Each structure stands twice: as C-alpha cells, then as structure tokens.
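Every chain is named by a letter (A, B and C) in the order it is written, and numbering of its residues begins at 1.
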Amino acid sequence: MATDMIKIAGVSKVYDTTQRGRHVALGDISIDIAEGQFVSILGPSGCGKSTLLYILGGFVEATTGQVLVNGQKVTGPGPDRGPVFQEFALFPWKTVLGNVMYGPLQQGLSKEAATARARELLVLVHLQNYEGFYPKELSGGMKQRVALARTLAYGPKILLMDEPFGALDAYTRTRLQNELLDIWGRDRKTVMFVTHSVEEAVFLSDRVFVMTKSPGHIRKVFDIDLPRPRVRAELLLDRRYQDYVIAIERLMDEQIEEIA
Amino acid sequence: MARLNAIPGVPVLIACLAILLIWDLLSRVVMVSGLPPPWGALQEVPVILTDKESLVNILASLRRMSIGFSLAVAFAVPVGLLMGRSRLVAAFFNPLFMIIYPVPKAALMPIIMLWLGVGEMSKILVIFLGVSLPVIYHSYQGSKAVEEKMLWSAAAMGLGPMARLLRVVFPAALPEIMVGCRTGVVLALITMVTSEMIARQTGIGNIFFNALDMAQYDTVYAMIIVIGILGFLCDWGFEAVRRMLLGWAAPVHDIAVGSA
Amino acid sequence: MSALHAVWRRNISETLAGALPIVLALGIWYVISAWNFAPASLLPSPVTVFRRFLVLLGDPQFLQNAGATLYRLFVGFGIAVMLGIGIGILAAGNRTVAALMQPVIRVLAPVPKIALYPALVLMFGFDHSSKIALVVADALFPILLATYQGAVAVDPKLVWSARAAGASQTRCLFTIVLTAALPSILTGARIGLIIACIVVFLAEMILSTDGLGQLLVRAARNFQTVDMFVPIIAISMLGLLLNAAFNMLSKRLLVGFPSQN
C-alpha cells in the first residue's frame, strides 16, 4: 500500500521579474507522498507553499526538478489531480449543479449521467437543496462545498487543497474540516493540503511538512500519530495532539527569531 | 525581440513599419483599387507640412481644437466633481447627459452654422460639445470614488466644503480626471476633423476635399497620415503628462477611443 | 416604515430633479419659437419638429433611408464584434499575438478613423461597403480592447479548475476565458454600438447618396430647418433605444455575475 504516489524531486521555482531581477519563490524541495496519505504543507505566507501545489497540479512550471505522479512526469493539469482553491474559483455563470456537472461532462459523460453524478456529490456536501442557485447567492462555506464537490465529481486520485478554508470564519472553518475528514474517510484519496494554521494541519493530517520563510525549504517533517476518526473535542484534551501543536509552534517561533 | 521591445518607442516604430508594409502589400500584391502604394503618400507629407496655405489651415484647426478642449475641461471638471459629491446634482444632470450621449455632436454642425455662422464660434462650440461628456463622466466617477473617510478627516481638520472639494476631492479624483482628459483630447481631434469634413469650408476638411476633387489621391492619403500622427501624438503626449503628474497613481488602462 | 417613506421621497425628488433640465430645455425651445424670439427658419417649434418626425415615420422614402443606415450600422457592428472578440481572445491566449498586437493598437486606436473615410470611399465606392468599413474601423477598438483586458483579468484559477477537470487549453480559452470576460466584452460592445450609430450617420453626412445623415445634409442645402432636426432626433433616439436594448440583453446574458455598479 505504501507506494509513493507523488514524488517531488528537487523542485524549485524562480520568477524573472523584469524590474527587480530574479525572485526565488521556492527553494529546493523533495517530498515523497504515499498513496492515501493526508499531507499538509505548513508555512508562513509567501514561502511558496501554494506555488509548490500549483507545480504539482501542473498549472505552473517548475524551474528545476520534476514531479512524478504514479511514476508519470507531470507536464500539465490532469483530472487525476483535482484542485480546491481558497478563492473557490467557481464559474459565476453556472448554477451550483452546472458547476459540479462541468468535470463529468468534460470527461465525456452524457448529460443525464453527469447530472446524476453531480446530484450525488451535492448530497455528499449537503447542498442538494441549492442546485439551482448561482455562486454569488451562496455563503463562503457553501461556495467552498460546491468547489469541493466540483472537484470530486471527476474523480481525481489526488486532492490539491490550497488554503481552502482560509477565507472562512472560524465556525464554518471547523465544520468544513470535520466534513472534509468525513468525506476523506470514505475513500482515502491522497490529499496535499496547504495551510498556515498549525491546528488545522495537525488535526487533519498524517504528515505535516513545515516550510521555512521565502525562499521556502522543508524545515522539518512531523508524522502525526493520532487515531482516526478524529474528534476535535477529544483531540483538544489529547496530550499527543497538544505536543504536536506546541512543537510546531516552537519551530515556527524560532524562524521568526532567526529573521529578527 | 523581447529586449528590443523594452526600449521605449521601438515597439511603436515597428508597429508603424508593419502598418506601412501591410499597406504596401495591399496596394501592390492584392491590388486594392483606389489604394496607391504608401511611398507616394509619404513623400506628400512634407509637401503638405511645408505648404504655407495647408500649414495655416492645419494650425488654425489645432488652435480651435485646443480652445474647444480647454473650455470643455474648464466646464466639465467642476460639473463632474459636484455630481460625484452631491446626489441631487447627479440626479439633476444624469438623465440629461444620458439623452445627449448618443447624439452625434459633429452632426450638429449644419444647425450650429445656421445659428452662429461659419466662423470660429461654431467650430469651437462643436468641439466643446464633443469633449465635455467623457470628461464629465470620468470626473464624476473619480469624485464619486473618493473615500468618505478621507473627507471626514479633512472636515475634522477644519476644512470647509469648498476647500474639501478643491484640496481633497480634486486631487484624489485627478487620476480619473486625466483618463477623461486623455479620451477628451482624442475626441477633440476626432470632432474637429469630422466637423470640418462636414462643413468643408476651411481647415483639414478643406484640404481633404480639394484633393479628392482634383483626384490628388496621394494628398488624400498623406492627409490621413498627418491626422493619424496627430492622433497618436495627442494620446501619447497626454499619457506622458499624466505619468509626470501622477507618478503615485496606478497606471490606468482605458479604452481611449471614441467618436464624435 | 418612515425609513421606507424617506427613500421613496428621495427617489421621487431625484426623478423630478432629473426631469427638470430636460423639461426646461424643451420649454425654452418652445417659448423661443412660440414667442418669435427666433424666426422659424432658424429654430422651428418643437411641436412642428415632432409632428414632422411622426409624419416621416410613415413616409416610405424616409424609411428607406433609415433602413440603409440601419443595414450599414448592424453589418459593420456585427463584423466589428466578431473581429474584436476573436482577436482580443487570441491575444489574451497567446503572448506572441499580444506582443504583435499591442503596439499596433497603441498607434491605431487614437487615430481619428473618420479621416480614413475618404480613402475608404476611394477603395470601396460610395455605396454600403465604404460606410460599413468605417463602422468596423471605429467600433472595433473598444470591443477589441475590452475583450483583451477582460480576458487578461480573468482569474487564472478559474482556468486551472477547468483544465484540471479535463478541458484543453484552446477549449478553456473559448469557453471559460471568453465567458468569464463577458461583462467586460459587453461593456466594450455597448460603447462600440453607440460609436457605430454615430459614425454611420457622420459618414453619410460627409459623402453619401442615401441614409439618415444624407437627409440632414440635403435639408441643410435646401434650408429646410425642420427636416434638419428630424434625422438628428431619429439617430439619437435610435442610439438610446439600442443602448437600452443592449442593457436588457446584457442583464440576461450576465445572470450569475456579480452586478456591475
């Protein structure tokens, strides 16, 4: 089971900005992620963690190094890797149902089959009563549920989540974390989750990669050995959970001191 | 190519050469009837610009254009600023301007000439009418967008309403006003050329139709080149002024096109 | 309840304020002509003008001229829309096209297109084609620029979402980018439509054998002042109607988009 689904080897990203010369967004990153693992990338803003995710998605080209998914070199976006963005990126001109149907239709499903598939997913994210709504009529949490359903609808093996709950209020955020774990527990997709919240990373993940400030390197890897299914209220009292959070917080404090 | 493009002026020169090349191809290879090769027209340009009579004509046109433009700006900016700060003033003028907007201003030339005669007054008035609306519109938008809190701070510092309009609203709206002026200066040229082509009495329109009547096609095309260069210079000169005055403001991309 | 009342009262007073200058202008026009401050040969009464307008609306010759104007306007606008959206989207999707296009547009956009008209007449003759060509030249740039700017401003994550779902790059450009840029494209097209309306009239005034613009010139030559006003009113009302129709169409097309001011 522990085959490496994702192999990121020596990936870096340098932007050629015309005015200020070269900007190194991402240092030299090498990560292996096993199939079915929930992995978080944790780091301060601007460390390039999202860039890493975009490179894995095939949206942005790496300057050096390469990314292998199932042994295949990543050369562009593909339906095996589904992104979920902080900004939702829903198609504003499509209804909730239309957004979720988009992937299945692109995959060549008939209209009826795509509708059925989309409805299934809307039930999964508890939005079955909103299929005729337009994104602008939904709250942030609902929009992110639609975005998740839209991505799940074309059946990616890997979920690429780019601070998906970063724009939501604390209450919605917690609820969606629980729902995400619930959905993940059903078929255990490989997830790469980018966040700057330590608690979120520890609560959700099997492994947490902590990155340094720009240009980002991997500072340390934490294997989160906590039982699943995880229940927040229980974890908060769990000594091991507290230790992980404290250890990571300390590590990040150190970085701040090093800069200061 | 990219490095060459970075030198100011070079892309524009290349573009001009490309336009001339396409023109040449159209005239000699595709043999569009009525389209002579560009070189004859280009040779005619210095002839026009050194001919005393046509030079007087062109300068007189430019003089009318600048007077009409200046009057329009002097009238339009205060009106626009007031509209942006007072709902009542905006409500008063908006429907009127909405009705005037699709009226072809240069087409009023025959009627205005009926009233004011063929002299300078009519021509300046038409240019004034053509320029006013876009300048009012942009001043209005700029002044409407001024942040309320900036005005509160100014009021707290003891500035009266007039002083606030002059010393806060005006500078804050200046970038948008300049966009309106840039559109306006191009429109002034357009209105000027159009109205003179309709009136056919003096100025640029006169040169055009004399040449057409005498079948001096090279002169017709040379006149187009002269007017084209004038248009480009007006736009480019205004952009240069704007950048000098408003280095602090973000560059504004606007559709600097219009019609009389 | 009283808050609602206040809003109502403000709306009414604003509508009245807006109607005031229009009513005032018409009133002054009426008074000047009715009390003979200006001879009817210079300024006919608004009543005469509108009556003449209504009569001409039933006149086959007038309608034929109006038809010629409309034909040129719509054909030219249609070509400008297709070219503008096509080139704009291509430039947004391809850096080489954009690099080639940008300087050419910087040079050509501020050129008064009306100056091309004598040349267009030389090339295409006095009939429809020269006017259509001028309408295309004039309406093209606002549409092209709005399309390009709108398409470039589309959130790349929208495209990425579609690409990950399996849509090809070209497909994304013509479905996702084009649709996401629609609010900007429609704004540009509306400006282009009004410009087309104005410029076709002006072209007909400068050199033509028919059309609304030509009617105005003909009336001016014969000092028929009333008939000078009618074409201008006709073309302005046409512009207003087209503007309103276009806004209605936009509202329908832009369902789901956040509303614009």
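Just so it is clear, contacts are C-beta pairs under 8 Å (C-beta built on N, C-alpha and C of every residue); 3 or more make two chains touch, one makes a residue touch a chain.
Predicted, not measured: the structure shown is a model, and the values here were computed from it.
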item: Chain contact graph, described as a line, ring, star, complete graph or other shape; value: line
item: Distance-maximising chain from chain B - centres being C-alpha averages; value: A
item: Length of the line joining the C-alpha centres of chain A and chain B, rounded to whole Å; value: 51
item: Between chain C and chain B, distance of the C-alpha-averaged centres to the nearest whole Å; value: 18
item: Inter-centroid spacing, chain C versus chain A (mean Cα positions, whole Å); value: 47
item: For chain A, residues contacting two or more additional chains; value: none
item: Residue ranges of chain C in contact with chain B within the complex; value: 10, 13-15, 17-22, 25, 42-43, 99-100, 102-104, 106-119, 122-124, 138, 141-142, 145-146, 149, 188, 191, 194-195, 197-199, 201-202, 205-206, 213, 216-217, 220, 225, 228-229, 232, 235-236, 238-240, 242-243
item: In the complex, chain C residues that touch chain A; value: 155-158, 160-167, 176, 179-180, 182, 254-258
item: Of chain B, residues touching chain C in the complex; value: 1-2, 5, 11-12, 14-16, 18-19, 32-35, 87-88, 91-96, 98-99, 101-104, 106-108, 110-111, 114-115, 186, 189-190, 193-194, 197-198, 208-209, 212, 217, 220-221, 223-224, 227-228, 231-232, 234-236, 253, 255-260
item: In the complex with chain C, residue positions of chain A that touch it; value: 54, 57-59, 76-79, 81-83, 85, 87, 89, 91-95, 102-103, 106-107, 134-136, 147, 150-151, 154, 156
